[in-house]
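Here subunit A shows up in two complexes: once beside subunit B, once beside subunit C.
So, the complex of A and B:
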């Protein structure tokens, strides 16, 4: 069974040691385990464990969030290449930094975790207009638009989340497409997400992945 | 000060540094006396300055100091003219004439009133040859306006003599409003912008007046004969000191393009400064996120006149990085965050008295041997390296044993030696963004680390930096130490060259023409490099070789 690997993989993730994590996975592969088993029984439970741990771990820092999310995404990507048939994805999210905002790193944590949880991520990069968010979500059949904003003025701007909300309303898409937000300003004011018309928010990138998966399930049970 | 007071005893002066214990009624300081510097010159770089009203020539007699023990140079002619024989016999001396021949104790009954201004070591600054063509308004001022520090020097442009140098904290930091952090987090309102700009102007004039009063003994006539003030700095500070709001800096389209920084009210500015003839000139930044302080660094180091590849990093609130491949220049900047200037960390300090500046297995060392009040960047980097070596800290940035609410005490009886998990996090992200930027610019230039002929570390950050610690935590690429140069006041030195060297503006223009500004926010591989560099370990060599 994979049990022997789970502990050393979880240890490597906790230590943010990407090479060690890859070594464990490669060893499991050469011992005959399938890439599918590795993703669903090793990688995904590790991401879920990490989500629980990070909420409780007072010592966990943002640097560790970045590294753990990156390990999850990298390992998943390597395993997906080896899948015998493409896995069933649980949903799709369009993610990007708000109009006028060039901070791209925050959403990296979210994307990394989402990918390893079998969510398709369409990353539009930074400085994304509300139209582009909504247009892409429509053509890509995404269930969630996730808008990251690291500055108060890009979080509250009419061209950011508020603009996305207005377009969703205008086009009658509010039942099909949910809006999630994240970034520093929302941590300072936990009610801010309501003001900017979002359905949900998360205080950090790892939790954000969980919040987005929940939103996908609301739309696509 | 560049001028060394004439001294009859100079030929007999000893070659090694002497330890001086200097006391006032308020404080006691331990300083190393350099053989080529007078006691006044050494104290001018500390919190305990002597009173002074001349340039250290022994003509004002204000810098009285009592020798308590130790061997000194014999009294100079100036001292015999200014001091009574019985005072001399009782060990009273003029600090500007005094040099120690042995470790010694000194007592300062009337120190200068407390001031934030200190002198800089001029040895690495610009050497000017003078310009006889300047016949009126001969004085000039060079200013490096940083987010946390202001450095400046006053010159006689005609003779090429530096009258004095000073540095101090930028008042916007002292008032708890780190401008770059706030520009990032929220939009400053117009009033805040104007206030920060005005404070910077007042601070610069305060520094100029400190030099004039202490190093020349007169202020008003010199201000009237001040012909030029040249300011280099980061784009945010230059925008604010010109009297503009920071608004233009928020527009992403401005980040990579030149931003014009011109004073909106030059006449009013001159009037408030009482410098009617001063041409107040702002060296234009390279782009919205790359200031003219980086250009000044490049001038001072002369990198772009070399044929070998070199890398320059100026660590600060924003860390600016340039790679030169022998023909072209790649430049960018990344948020160093406050980590490199000691501001914002729980026990962070700038490099000032009481800052822990060196940490080794044998103990902690503070600046001025004063009681520890926290870490400056170099001490913090040493501490992280030591914690890693002792396995108290893991490469992930986690402590092996979670510290208590008091933090991890590097020295059990010293609360100010505490290090917190959040400090480590801030540092990891700052060092990763810097290391990733270096790697990315090198990749764009098609260069590898081991092809670098020289790595220049500019900014006061490098002053106390232990290179091995910097290698250990992955802040700098591991290079032989003889290929690394530390130049603490490079921006000011470059600004001085721009002020005084008639060829300076052309050299600067040449640098600007060859520069490509890179906005790393738009470079996808940069993000991967950032994450790869978050671990506390020597930089991944594979990527660089």
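So, the complex of A and C:
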């Protein structure tokens, strides 16, 4: 029903033209579609289509990933205020940059996509200890911990993902809480996620949202 | 032939006994001297001493003078660097905390008078006097379109770059380009002859080709305008950029290209041909878990693709500290062995 809008919206996102994407949303609203329709029939299918496109075209650039997330999160946030009742969230993720790592772009892309896909995101910021990841995931009943690392030493450190894995094991939480990782080092060594004890990884922020949703569904069918 | 002459031969296509073999170990110096990273980077003498020792031990051709990328942020007012004893220092204090700070940002009239410049100057002077006549001295410069990432954070910069306000973005870029021009001139004055020009926003992995042509390229031209492109190496922070190699030749006249391990090296060599220097780069993150034999095999693969017809250099990325020393030795030895020229 909203195919033409989805196409125009994604065209705008691919050209990193935020205003054009917002114009499509506004046009759909003025054509009588509800805020719920905008999120569930336009934004979510558009993000999912973008995930598929990015999977097929690994050369999609970082600016496109960023805008996919930024626009989807902005539109979703505005539409949620107008929902007749709060939507059902599909799960919760605790996200942050690994201990010693102050890079925030990757997790911002992931968070933006996840919010638009109706996932609760608890963002712990940067330079997060393994204990804080696990403690927060427990108190927030999260299904996934997502650890971003842009440098090799923060990806492989005992204080990063390996520390999270050790704590999950120690506390008997490995079936309830899954661990996802992402960031530049994993692109250069696709086997690295195994070495750092993660359940899954993704080569980019948009794909990471899909990987995290899949992990949530493993834990919470 | 000296390593400097071998590099010149590779650039020009003149006869030489072998390809140049470069190795970058910027973060290994502290361990070499047995001191914490913060102490190591506090004095240019330490950096020069460690880099000279490692070059002697491994035997590669170049000498590397980079302290850490955040040094440029310190020269512009950053007050805190997060040092790590097992990896790269991080900028922990962003000079630009909100967009209003861009108007307040002042580029020093002479960066060489800044206290943060002293260790850079000291190390380069030592390197120049010790090996400057025989070995290429490498330094690192962040391009104006990437420098804001360490001044305000990559996500904030990406937002400003793409969404504006564009007058504010361009004001920041102008200031960063002024800084870049000054830094290049200052490094050249200290005798550096290989300038690694780090320009991730010049890679189609970061932004579209259209954005590179319309936004990034004019600023890169401005960065390089005063001193020209002699000795400049186009480096996109390990991101691939084969699709813009022709553009870089045409617009920036940069002849040396640091090819990402994620790119097709054979395609890059074809694109560059005899016009300049293809730098074939090993994926040194995989070297953490490879054996020495695997490392040798990968060096052989890269060198055999690249060395035919000359105009080729072998190198690495930033060599994580977790890479075993045996693999670094295997890498350098294999590059010398397979890099022999008839």
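Some notes on this structure:
By our rule, the second predicted complex is superposed on the first by the 215 of 221 C-alpha atoms of A that agree within 3 Å, B and C clash if a C-alpha of one lies under 4 Å from a C-alpha of the other, contacts with A are read in each partner's own complex, and residues count from 1 in each chain.
The criterion applied here is as follows: a residue touches a chain if its C-beta (ideal position, glycine included) is under 8 Å from a C-beta of that chain, and two chains touch if they have at least 3 such contacts.
Please read these numbers as outputs of a predicted model, since none were measured by experiment.
The superposed arrangement places subunit B and subunit C in clashing positions on subunit A.
By the touch criterion defined above, A:160 reaches neither subunit B nor subunit C.
Once the two complexes are overlaid on the shared chain, A:66 sits against subunit B and subunit C alike.
Shared-chain residue A:195: touches subunit C; no touch with subunit B. Of the two partner chains, subunit C is the only one that A:187 touches; subunit B does not reach it. When both complexes are aligned on chain A by C-alpha atoms, subunit A residues 15-16, 59, 61-64, 66-67, 70, 100, 102-105, 108, 127, 151-153, 184-185 touch subunit B in the first and subunit C in the second. Across the complex, subunit A is touched by residues 82, 84, 86-88, 90-92, 153-155, 158-159, 161-163, 204-208, 211, 238, 261-262, 283, 285-286, 288-289, 320-322 of subunit C. Residues 14-17, 58-64, 66-67, 70, 100, 102-105, 108, 125-127, 150-153, 184-185 of subunit A are the ones that touch subunit B when the two sit in their complex. Per the touch definition, subunit B reaches subunit A in the complex via residues 184-187, 250-252, 255, 394-399, 402, 421-422, 424-425, 428-429, 432, 519, 521-522, 527-528, 530-531, 534-535.
Interface residues of subunit A facing subunit C in the complex, by the touch rule stated above, are 15-16, 18, 59, 61-64, 66-67, 70, 100-105, 108, 127, 151-154, 156-157, 184-185, 187-189, 191-192, 195.
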